[in-house]
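Before any comments, here is the structure.
Should a chain be cited, it is by its letter among A, B, C and D, assigned in written order, with residues numbered from 1 in that chain.
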Amino acid sequence: MTHLGARLLRVDKGVCEVALPYSDKVTQQQGGFHGGAMGALADIAGGYAALTHCEEGMEVVTVEYKVNFLAAFQQGELVATGRVLKAGKRIIVTSAEVQHVAADGTRRDCAVMQQTLVPVPMTYTAA
Amino acid sequence: MTHLGARLLRVDKGVCEVALPYSDKVTQQQGGFHGGAMGALADIAGGYAALTHCEEGMEVVTVEYKVNFLAAFQQGELVATGRVLKAGKRIIVTSAEVQHVAADGTRRDCAVMQQTLVPVPMTYTAA
Amino acid sequence: MTHLGARLLRVDKGVCEVALPYSDKVTQQQGGFHGGAMGALADIAGGYAALTHCEEGMEVVTVEYKVNFLAAFQQGELVATGRVLKAGKRIIVTSAEVQHVAADGTRRDCAVMQQTLVPVPMTYTAA
Amino acid sequence: MTHLGARLLRVDKGVCEVALPYSDKVTQQQGGFHGGAMGALADIAGGYAALTHCEEGMEVVTVEYKVNFLAAFQQGELVATGRVLKAGKRIIVTSAEVQHVAADGTRRDCAVMQQTLVPVPMTYTAA
């Protein structure tokens, strides 16, 4: 998502905010933010929120997510806020709200997501 | 998605296939295809399949989708096949299967999606 | 659901609360509330909440819902609170939280749902 | 669900069929099968299918499911067919198709579901 211009705004225990600015990389045929981009952004916000509940040496893998789109927006940027609803040993459940933030700061609901993740041992090595 | 290298393989009545080649634009921290990219690909395959059931002057908007990830893959490409399950006046329901196709042609299941769309009048104009 | 003992606690504009007492009609093999019963309860709470946004002569039909289970409980009762997130002409989107209420009044999160409905003209007649 | 008249039709490795006859216990305001009952039936079919992939001493717990309703039916019965899409150590993913079977044997699509489960050690004891 860094490739698409996404940036991390905030990470606290169980909460994460990620922003995605408007660009032609994330829009659909009518010029609004693409649903797939919104889903991906929500997926990331939920995933980072889940990560804050992992023990050292563990990371998270998304099992599934479901996203409902509430409205279409152009310009400005999207802010997705992921929150941990349940942090179990086997399963982590999160939700995310995606809001559109206009140039003048107006915030409006854009999408909502529910997500399931599993904590797994890190498989890659810091060389 | 064209931006990410996606290309349309096939569009028949009620069916659509879209491919997404492996690149650093669509991968996550462990080097596999990113879940968000898989979800977006499935969303598009389902959307195009739905479009084949629309009357002239209509297009579709994604209301929601839900995607389960079955396995992680590197290299090769993803092929998402969207199919219309129900084409109603108010609601179109689709499913999509995402498979990984390795360099040697081996196909393996990667993700499954269920999606809801609504047919709406086209709002943009061909200038 | 009346058959299973469900009762309406509250209906306000955009919000609805429904309760389901513990009984052997709504439990699974380990003695906890059955997931299907929790899903059905959440479906109903969301549906009634959506109904409060319908014009006269209209009702709602559930297009789809997705429910995540957070914890299993025995005894007491479940209370599902449905809320309208978007009330459009074509689509209504709701969420519902299901909590378990123990005999001593303790409330704990049990399940969360996202739901899509369509408003449709009433088809049945009050004879 | 036995309480609602559900019965097991078939259990093979990775597949399970469950039937639910029409009755006033499983209908909604317009006289069709209730969405919550269809969801619960699909949940059960997927769960039993998942169970066939568990080792001895293990059972499954539903993490989440998502169901799309395709059409409403009265009379006859519903048959839900659950299938395992992925049987992992940490996660089992299933889908289910719900069909309506009319008195004359006509089958029509009714609902589709995607479901996530986790295998867990059996916690109850056969006294």
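The rule we apply is simple: a contact is a pair of C-beta atoms (placed from the backbone, for glycine too) under 8 Å apart; a residue touches a chain by one contact, two chains touch by 3 or more.
Here the structure is a predicted model, which is why all the values come from computation and not from measurement.
J.: When B-D is set beside C-D, which has more C-beta pairs in contact?
T.: C-D
J.: Based on mean C-alpha positions, I'd like to know which chain lies farthest from subunit C.
T.: Max centre-to-centre separation from subunit C belongs to B.
J.: Per the centroid of Cα atoms for each chain, what is the distance between subunit A and subunit D, given in Å?
T.: 31
J.: Take the average of all CA coordinates in subunit B, do the same for subunit D, and state the distance between these two points in whole angstrom.
T.: Those two chain centres are 27 Å apart.
J.: Which whole number of Å gives the spacing of the CA centres of subunit C and subunit D?
T.: About 19 Å separates the centre of subunit C from that of subunit D.
J.: Can you list the residues of subunit B that touch 2 or more other chains?
T.: Within subunit B, residues 63-64, 66, 68, 93, 114, 116 contact more than one other chain.
J.: Taking the touch rule as given, give the residues of subunit C at its contact with subunit B in the complex, in rising order.
T.: Counting only subunit C, the residues touching subunit B are 63-64, 66, 90-91, 93, 114, 116, 118, 120.
J.: Quick one: in the complex, what on subunit C touches subunit A?
T.: Those residues of subunit C that touch subunit A are 66, 68, 70-71, 85-86, 93, 95, 109, 112, 114, 116.
J.: State the interface residues of subunit B toward subunit A in the complex, per the touch definition above.
T.: Touching subunit A from subunit B are residues 1, 3, 24-25, 29-31, 34-37, 39-41, 43-44, 59, 61-69, 72, 123-124.
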